[in-house]
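What follows is one structure encoded as structure tokens, with my remarks underneath.
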Amino acid sequence: MWSLAHIANEIHQWLNNTFNPTWTLIIEMVLAGVAVIGLFAALGLVLVLMERRVAAWIQIRLGPNRVGPLGLLQSMADTLKLIVKEGLTPDGADKVMFNIAPFIAMIVAMLLMAPIAFAKDFQLWDLNIGVLYVTAVSSIMVISILMAGWSSNNKYSLMGAMRSGAQIVSYELSAGLSIMTIIVLTGSLQVSDIIQAQSNGWWIFKGHLPVWISFIIFIIAVTAETNRAPFDLAEAESELTAGFHTEYSGMKFALFFLAEYINVFIVCAIGATLFLGGWMPLHFGSNNAFNNAMDYIPSSVWFFGKTFFLIFLIMWFRWTFPRLRIDQLLNLEWKYLLPISMFNLLLATAMAILGWHF
Amino acid sequence: MFLTDYIKDVTGALKSLATGMKRTLYYFTHHKEIITEQYPDNRATLVMADRFKGEVVMPHDEKNEHRCTGCTACELACPNGTIKVVTKFDITPEGKKKKAIDKLVYHLELCTMCNLCVQACPSDAIKMAQTFEHSVFDRSKLTKILNNPGSKIMEGVE
Amino acid sequence: MYRETEILQQTSPGIIGETGEFTINVGPQHPATHGVLHLVITLSGETIKKVEPHLGYIHRSIEKMCESLNYRQFIYVTSRMDYLSAHINNHACALCVEKGLQIEVPPRAQVIRILMDELTRVASHELWWGAMAMDLGAFTPFFHAFRERESINEIMEETCGARLTMNYIAPGGVVQDLHPDFQRRVKEFLKLYKRKIHEYDELVTGNIIFQNRMKGIGMLSAKDAISYGVTGPAARGSNVSSDIRKIQPYEIYDKLEFDEVLETGCDSFARYMVRIREMQQSIRIIEQLIDNIPEGDFQAKTKAVLKLPKGEFYTRVETARGELGVYIVSEGGTTPYRIKFRSPGFSNLSVLDHIARGSKIGDLVAMMGTLDLVIPDIDR
Amino acid sequence: MSKELLKFRITELLPTATFDDSGEWLNVELTAAEWPTLAGALCKDSHLALDYMFCLTCIDWKTHLTMVYHMTSTSFRHSVVVKVKLDRDKPEVVSVSKCWRTAEFHEREVYEMFGVNFLHHPDLRLLILPDGWEGKNPLRKDFEDPINMIRL
């Protein structure tokens, strides 16, 4: 059967037969790097177009439809525009920090790609603390935003960065706690284990109330962590013009822009892996005919389907809700999400011990 | 009680958010509600309202005759100095001198489409056209002369 | 360059003084000011200590201009003040000239004027609603509001010949008779509006985030509202009865059935609700009049050159933003000797500093939204 | 309150005031020295309660300036117009922003447009004109802008 894992194995076999093991490893690493960068570019193009289409349809508009068939080349044109634009560095800016910040944002996004299982047996690095690695690395994201905001020498940027710092640090707590629910139920931090544990049903189906609550909290928390509306206080264009990237232009701005979308993709991929079974096809009890039909759909399609569903959810939020105020944002986290998710974790633990889930 | 209030708060909040999301999902899935007009693709079918004030024009008939007597009522009515009437004296067949317009200069760049000149005109010589695509690359192109070259006043208009 | 030195001083590095306060410039180019309003705000962290408006970026000195325009010409200039209620501005000026000339406006013209006024008011409030939601970060309502506003604009375009600066009013009546399609189009609009109005509540009013952003911020007591000269929906949100249509009825407003919308909340949400409910009252007025437009002239007979007698004339009119006063001092000539427009935006802006102190930047944006500032109206 | 009663009450407060009731509202004519005492009384007096100043402006009569204050009562709905005659060369009048807060902005506008100096104003700075504006006050009759003047 056609699958990504099959192709990967073929390449691995061929490389092993052609080169010695050291060269094989090096070439495979280079290939993986190229693949990640390629995926980045592709995701950036697709997600920007998707966002614009979703926004347009919600706003009773048509959306991009001029460049290419059905406007599919619109994001290519946007990229071209951003590449040829001049990347200004303001006079009073801290030039080193200012120029490094967007790259840090990108590097963090790249690092997060490592433990994600894109299809059955198709994963860059199945390390045994995969989920912990993701939560740990994603907190570095805030550093790039703080750097960008501080080094711009612009009060709007600084305020945006400070808001973003407070926001990401707080929301990481409830994101972590909601992930903990699944870890408690699975008993493993390894991504492949978590997916395997869902072979007889996704956690969202067999986890009852605690998993539903933690799923909702997870979605809210990651929306905040990726600075997406209604939690886009770091940008807040009606208050802070463009927040931390007010002074950025051209390709450096594009990197921030891209990093935002990649982060959305990654958190949604994590969400899909933890709650919706990753690449696991949808199975219903003992309905074998249905289950077999589902198995025929390639695992990568399942994974991307679930991820894009979650991405759509986040975009849907963005185009529906007004923005919160900074104190309300922190109130929501500390007074509502955190207590609920702590209580929820307790519930999930009890459930796991008593074996109340399916 | 505190806890029930707390839970009521949370569920009420989620419900209000769900209401909004339901509304946006409706528009996301119902594309017939889309109201975009695809200008300039729809130029052929685009109909402007017949009273739309686009620019001042002076209609001429097939004999290249207009109705303007050069009375400068429009020039006086204009609040911005948009219209300048340049007059000359024609010699009528009877040998009398008669005032007529040489040029009716219209500065589209100054015009605010207030319609006062059209109202002021006693002989209905000027009217508002429904054109609206006025952009040009050179400002001087916006200064227009309303009467056609070689045109003269219609018979019987005083 | 206006105030270059000052701006540089205020934004130069070494931002935070000993008190921990710093200033930022909101505007003249800022997405939330919807125009070229320049506010210098002093902040301590995110908390606002002081708001200082700097005006004049779009000042055209309309008052001085009007001194050299005659009584027919000056009306069109006033469309450019509060462009969202251009028709009501024109109405105010025409009323003032008519008061001076003691012209009796035919009943048909009066009804047409009121119909147009109320349509303008609905259009203005709809734009405000969209822009208000956009200030708070929700983009979608803006487009939904423009759908309804568009159908009003089309009605305007059909009858008046322009969508925004209508210039439909002349002293003595209106310029042209109604378009034959007018009644049908307005009824269509009313149908559309009734079908869609519940979406406003679903999308924005009922939304918990929105309510939390609006409730309890920008408190303006009734006493302060009066003292600061705040009028219109902003004052009525503080339970100050300030609707000129009720206090000093002009045209046939005293014969119409409508309620003055009052809210007691005194906060931004009350001001928001006033406008939402006011739209329904305007719809009510339109419904009363649309089938009862009297036949007759649409314009009284006036002289070609208008000359106001020596004296002073003042009219007060309720625009979408509040009380517009037109004060004409005439020396008996064809042009006004002195003209003063008491614009609602100017007074409403003056209260911003008072209500914004102690709140957050996000609130400032919401407050500016609920005061419904239109910058050309403030600057004139 | 009718015009007669208003006249009566204002005469009680300020015997030297002169009246002109030909217009829509009662006009009270004063000198700049009389104005501060009357202003305080007008906004605080329980019978008058003129708490809402809806217009404040100035007129340049070429020989003198006149400050025009339109006031109304939100509880009784009667209105009074106060006119204060000022010297054109050195126009000075006491600010009424303590009685009506709205006067603060309107007085700043009159200050730059007519050059009237408001004594005891809390923050008398240019509001609309650019900082460092030199030259005449734009709304005075003898102001000529060489570039942007509208002339027909």
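For clarity, chains are labelled A, B, C and D in written order, and residue numbers in each chain start from 1.
Convention: contacts are C-beta pairs under 8 Å (C-beta built on N, C-alpha and C of every residue); 3 or more make two chains touch, one makes a residue touch a chain.
Note that the structure is predicted; figures quoted are calculated from it, not measured.
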item	value
Fewest hops from chain C to chain D - one hop per pair of touching chains	1
Comparison of B-C and A-B by number of C-beta pairs in contact, larger one	B-C
Centroid comparison with chain C (C-alpha atoms), farthest chain	A
Chain centre separation in whole Å, for chain C relative to chain B (CA means)	24
Chain A and chain B: spacing of chain centres that average the CA atoms, whole Å	51
Where chain A and chain D are represented by their mean Cα positions, the distance between them in whole Å	63
For chain A paired with chain C, centre-to-centre distance based on mean C-alpha positions, whole Å	45
Touching two or more other chains - residues of chain D	152
Shared-contact residues (touching 2 or more other chains) in chain A	58-61, 319-321
Chain C residues counted as touching two or more neighbouring chains	69, 140, 147, 203-204, 207, 209
Contact set on chain D toward chain C in their complex	22-25, 51-55, 57, 59-60, 68, 70, 74, 77, 100-102, 104-106, 109, 127-131, 138-139, 143, 150-152
Contact footprint of chain D on chain C as seen in their complex	2-3, 5-6, 53-56, 59, 61, 63-65, 68-69, 224, 226-229, 231, 240-242, 247, 311-312, 314, 316, 323, 325, 327, 329, 337-338, 340, 342, 346-347, 349-350, 354, 379
Residues of chain A that touch chain B when the two form their complex	54, 57-62, 316-317, 319-321, 336, 340
Chain B - residues contacting chain A, complex	10, 17, 20-21, 23-25, 27-28, 31, 33-36, 38
Complex interface listing, chain B residues touching chain C	12-13, 16-17, 19-20, 22-24, 35, 49, 51-53, 77-79, 112-116, 119, 128
